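These notes open a run of structures that come right after.
Shared between the two complexes below is chain A, which pairs with chain B and chain C, respectively.
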Partner chain A sequence: MKVGVPNSFCYAGMENFFIRVIPEVFEDSQVIFSGKTTKEMVEYGLKNGCDELCIPAKIFIGHVEYLIRKKSVDVLFLPRLVSVLPSTYSCPKIIGIPDIIRANYHGVKLVVPEINLRKKRKMMSEKSMKNEQLFDFPMAKIAKVKNIMVLAHSYVIFDEFLNKGILETIKSAGYNPIYPIYYRFNSFYISSDLPKEFFWSSARDIYNYFEWAVNNTQINGVVYLMTFGCGIDSVLQELIMRKCNELGLPYLCITVDEHCADVGIQTRIEAYLDMIEWRTSKDEKNYLSTHG
Partner chain B sequence: MKEGFFLGIDIGSVSTNVVLIDKNGGVIENMYLRTQGKPIEVLQKALATLYEKYGDSLRIKGVGTTGSGRHLASLVVGADIVKNEITAHAKAAIYFVPDVRTIIEIGGQDSKIILIKDRIVIDFAMNTICAAGTGSFLDRQAERLNIPIEKFGETAIKSQNPVRIAGRCAVFAESDMIHKQQLGHRCEDILFGLCLALARNYLTNLAKGKNLENPILFQGGVAANIAMKKAFEQLLGTQIIVPKFYNVMGAIGIALLAKERTKGLITKFRGFENINGCKFETKGFECHDCSNYCEVVGFYSNGSLVARWGDRCQKYSSNRNYHIENSKNL
Partner chain C sequence: MRKITFPHMGNLFVIAKVLFEELGFEVVVPPYNNRIAIEIGKRLSPEFICLPFKLNMGNFIQAIEMGADTIVIFGGCGPCRFGYYGALEKEILKDLGYDIEMIVIEPLFYGLRNFLEQVSKIFARKNIASILKRVYRLAKKVDGIERKAHFLRPREMVKGSVDKIYERFRKESLQVYGVDQMERLVDTANVLLDNVYIVNEKVRKIGIVGEIYTIIDCFSSLNIEKILGEMGCEVERNLYISQWIDTHLIYPIFKRKDQIVKRYSKDVMPVLIGGHARETISYAKYFAAQKYDGILHIFPLTCMPEIIAKSVLNGIKNQIDIPIMHVVVDEIDSDVGIKTRLEAFLDLIEARSEDGERGLLFRD
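Entry: the complex of A and B
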């Protein structure tokens, strides 16, 4: 049996988890991933997604269509990620994505187990539920100097199609991009300066990382990669922007959308890095840091 | 004419600007031409005009390109420096007004705000996906009302009672304008209302949460419009400076940067005769080797391939021969 798993959106980085879990669920199965986002998938997604969805969710629909059309999978394995971090919820679009797929594609078999850390009763074995084992992304290496913090959902940071290769652009300009990773962080850091913790797990994660990195690493600037139509980003971006203003950190917010050309993003990021360069060279002359 | 000069080229969506500065940074020539969708031809024409005027005595010591067509232009002329327009605009503004704190720049398809402190850029913002706050919007509305864009400012400034127009969206603004027109409002009142709407949109969109300190510079093609200047002054309640070379500031900035970059180096400039004698062409195709369907563009000079871009996997852009090897299959 061919079990298809779209590895984008909320299932990005869960490849190892799926390879481990799917043989437990299905007998004699073959796992088929949709792979990296391609333009073909984006086009499928834009055609089939409703306009209320954020751009990563639309692309996710494209991944699903690709699996159905090109890979002719027998069944789609889409766990419902209700809560993957204690006392939080996932974004409503993540929770509802199996239903969106069900409504869009009639006659396609879906297997939708629930992953919910808020419930006592668990649908999967205790071992595969631990969130360190749920997501597996390469960690960012933190350099001593010249770090640029890129904040976004992990599925944006690791999708080159969505972010137009921003990490590479930063690297080629001689800076080291650092970024948060889902659910790796909370085990050792709890945010202190928010009056109330975030309701959504990804937001809590990104904000905690931001706060930790500001206090514990030498960063030259913060870039927020916002995806068009994301509700969490719209709240989080504002909070982080205010915090950066307070700290005097250079801040740039880029909204990624369906744009095909990367020129707009390139211009902004180049200008931003120029600005940082300009600032630092001035600092060295005056022996004064503007970063506090 | 022997000391050598520096060339700055700014290719934008609407205008192509070429300036020539001398070694002291004085502006010798400045040209503001409409791009009209043919950036290479317009650039070649501008350079030919320069060459006709000065001949061989014009020694170019450095060239810089900026604007959205900067990479294309750099291939045509052989640029020493290729920089984004934000840095270029800031450079020029600081050069002319050293204590400048805020730059309002409105061009054809994008608008920017640049904040400066102690002669360095501390913050900037560019318009996002919408064109409601840019020059093409004014252009289009002027065309609809049958007023030449050059006359827009002087007509609008006569207004006594500007009408209120929603500036949040270009389409809604247009329907607002049509309604006001049908109610019988005077043309100048509608035009100035539009300027105010554009300025309001700019300030809420780009300048959101930012402190606009004096002195404020207004540059870019739209700064030619005196009514826009008045609209900004009214909303901000302060004086705004429009620099002398407001429409070619980007080109001046990049020329200054080229001057800095080429200090003690030999320029990569290809020479007027080489550029004007060449036939430049771009050819594009959609690659179907994988499901990404990249739009690959090739740049040819006199029929031979110079560069290629647009491919995600970089098999064309990194290997120039790939296409030739595979051309039989295409």
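Entry: the complex of A and C
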């Protein structure tokens, strides 16, 4: 049996988990991943997704359609990620995305187990969940100086269509990009200065990383890569912006959607890095502001 | 003494006002949602936050200018953004330099102590139970008036007579004090509405589903109910304030569930995904089963759960076989655009029902 797994959006970085779990669920199965986002998938997604969906969710629909059309899978494995950290929720779109697929693609068999760590209730077998993390991303290496923090959801940072080569641009300008990844920080760091702890798993991860990095590393600037229509980002971005203003950190927010061109974003990042460069070099020479 | 204020949401102010008055506070009701409120909200809020947040900010600032010093709102534990409203609004008001206390009533998920601490700031009197009971009865009555208005608007003989009574009720409710006076006012409005002369016109029935704030609050839904009423349509909503109290505060105590939601969401959305997405889908299916003529789905731009609901409704539109119009509301200025769209929608319904076979053309 061919079991299809789209690996974008909320299932990005879960490859190892799926390889481990799927043989337990299905006998005699063959796991098929949709792979990296291609132009074809983006087009499928834009055509079939509802207008208001955020762009990662649209691309996700493209991945699903690609699996159905090109790979002719027998069954789609879409766990419902209600919560991936204790006492949090995922974004409503992530929780509801299997329902969208079920409503829009009739005739495809879906297997939707529920992963809910909110109240320590696990619907999948204990063995496969125990002591294993769900997400598996390469960690960012932190340099001594010249770090630029790129904040975004992991599925944005690691999707080549969505990140618009931002990490490469930063690297080629001589800076070291660092970024948060899901499910890494909560084990030893809980943020304290928030008015209220976030109830979204991803927001908690991102904010914890932000706070940890601000306190423990040398950061020259913060870039927030926001996807258009993302509900979590709209709140999180505001709080991070306020905090950056308070700390005097250079801050840049970029909103990406399906219409944005790589080059425009690269130019903005380069200009931003130039500003940081200029600012640090002036700071050293007792600079007097031209504003008087 | 505290001067309490709270955000607007449709006729919520009627109930909230008398509740706080009975508890012995001075109440500042912010001006009805208006253009100024939205302008203030737009300026102070995050860019991509949903419309209710912007209106809340506008209400708060206007109320503070009128002398309020305490804000009471509900919190939440997600996954919808509403749960973070209180915390974010607190931050924004603090940064603006307003010296104001915010009482955010969080659900029990965040601990009983926190809950009691916040609630005890408001409920200091002893006869809470009887006050709550009376206020609840009032809430039912106020929603009854709204329901009656929905029924009468397309049928009234002298056009505009219902709205005259309704608006007068809303205006006068700001001047009365306490549950008893408010109840008398509600009864008067009821009697007046009962005496509206009605004619038996051909009335179409439209079901409204969607995000709670935008369907309850007539300003943010661009007066859609009124416009539809004038166009000869009876409107039925899936949510009223008293119904919200029922399903969210009273049912959980008795471990009861909304039967319609339970029945109609089984195969499309088995679990809760936050907000009212599940209610939206199940009531859309329910209205279709009740042979309504059309469904309006109203939600604010970037509302996370309702976008899922819209996508699912798109997917099952062949199954429920009823025209659905999605209205996304944001900081829109005029209701001309919405009027045109509603006219087109009603034309479609008309064409569909008149000549059965040809109507098929319009279905997809």
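Operating definition for what follows: the second predicted complex is superposed on the first by the 277 of 292 C-alpha atoms of A that agree within 3 Å, B and C clash if a C-alpha of one lies under 4 Å from a C-alpha of the other, contacts with A are read in each partner's own complex, and residues count from 1 in each chain.
The rule is simple: a contact is a pair of C-beta atoms (placed from the backbone, for glycine too) under 8 Å apart; a residue touches a chain by one contact, two chains touch by 3 or more.
Here the structure is a predicted model, which means the values were calculated and not measured.
In the model built by aligning both structures on chain A, chain B fits alongside chain C without clashing. In the superposition on chain A, contact is made by A:95 with chain C only, not with chain B.
In the superposition on chain A, no contact is made by A:136 with either chain B or chain C. Residue contacts after overlaying the shared chain place A:15 against neither chain B nor chain C. For chain A, the partner that touches more of its residues is C, with chain B and chain C as the two candidates.
Measuring from the middle, so to speak, at the Cα centre of chain A, the directions to chain B and chain C differ by 90 degrees in steps of 10.
After overlaying the two complexes on the shared chain, residue contacts for A:74 are found with neither chain B nor chain C. When both complexes are overlaid on chain A, the residue A:263 reaches chain B alone and has no touch with chain C. Once both structures are fitted on chain A, no C-alpha atom of chain B lies closer than 7 Å to one of chain C.
Once both structures are placed on chain A, chain A residues 228 are touched by chain B and, in the other complex, by chain C.
Within the complex formed with chain B, the chain A residues making contact are 38-41, 66, 160, 228, 241, 245, 250-251, 255, 257, 260, 263, 266-268, 270-272, 274-275, 278-279, 282. Across the complex, chain A meets chain C through its residues 49-50, 52-53, 80, 82, 88-93, 95-97, 99-100, 102-104, 114, 194-196, 198-200, 226, 228-235, 237-239, 242. Interface residues of chain C facing chain A in the complex, by the touch rule stated above, are 46-50, 75, 77-81, 83-84, 86-88, 90-91, 95, 104, 268-269, 271, 273-275, 277, 301-305, 307-308, 310-316, 328.
Listing the residues of chain B that touch chain A in their complex gives 68, 83-87, 118, 120-124, 126, 128-129, 209, 290-295, 312.
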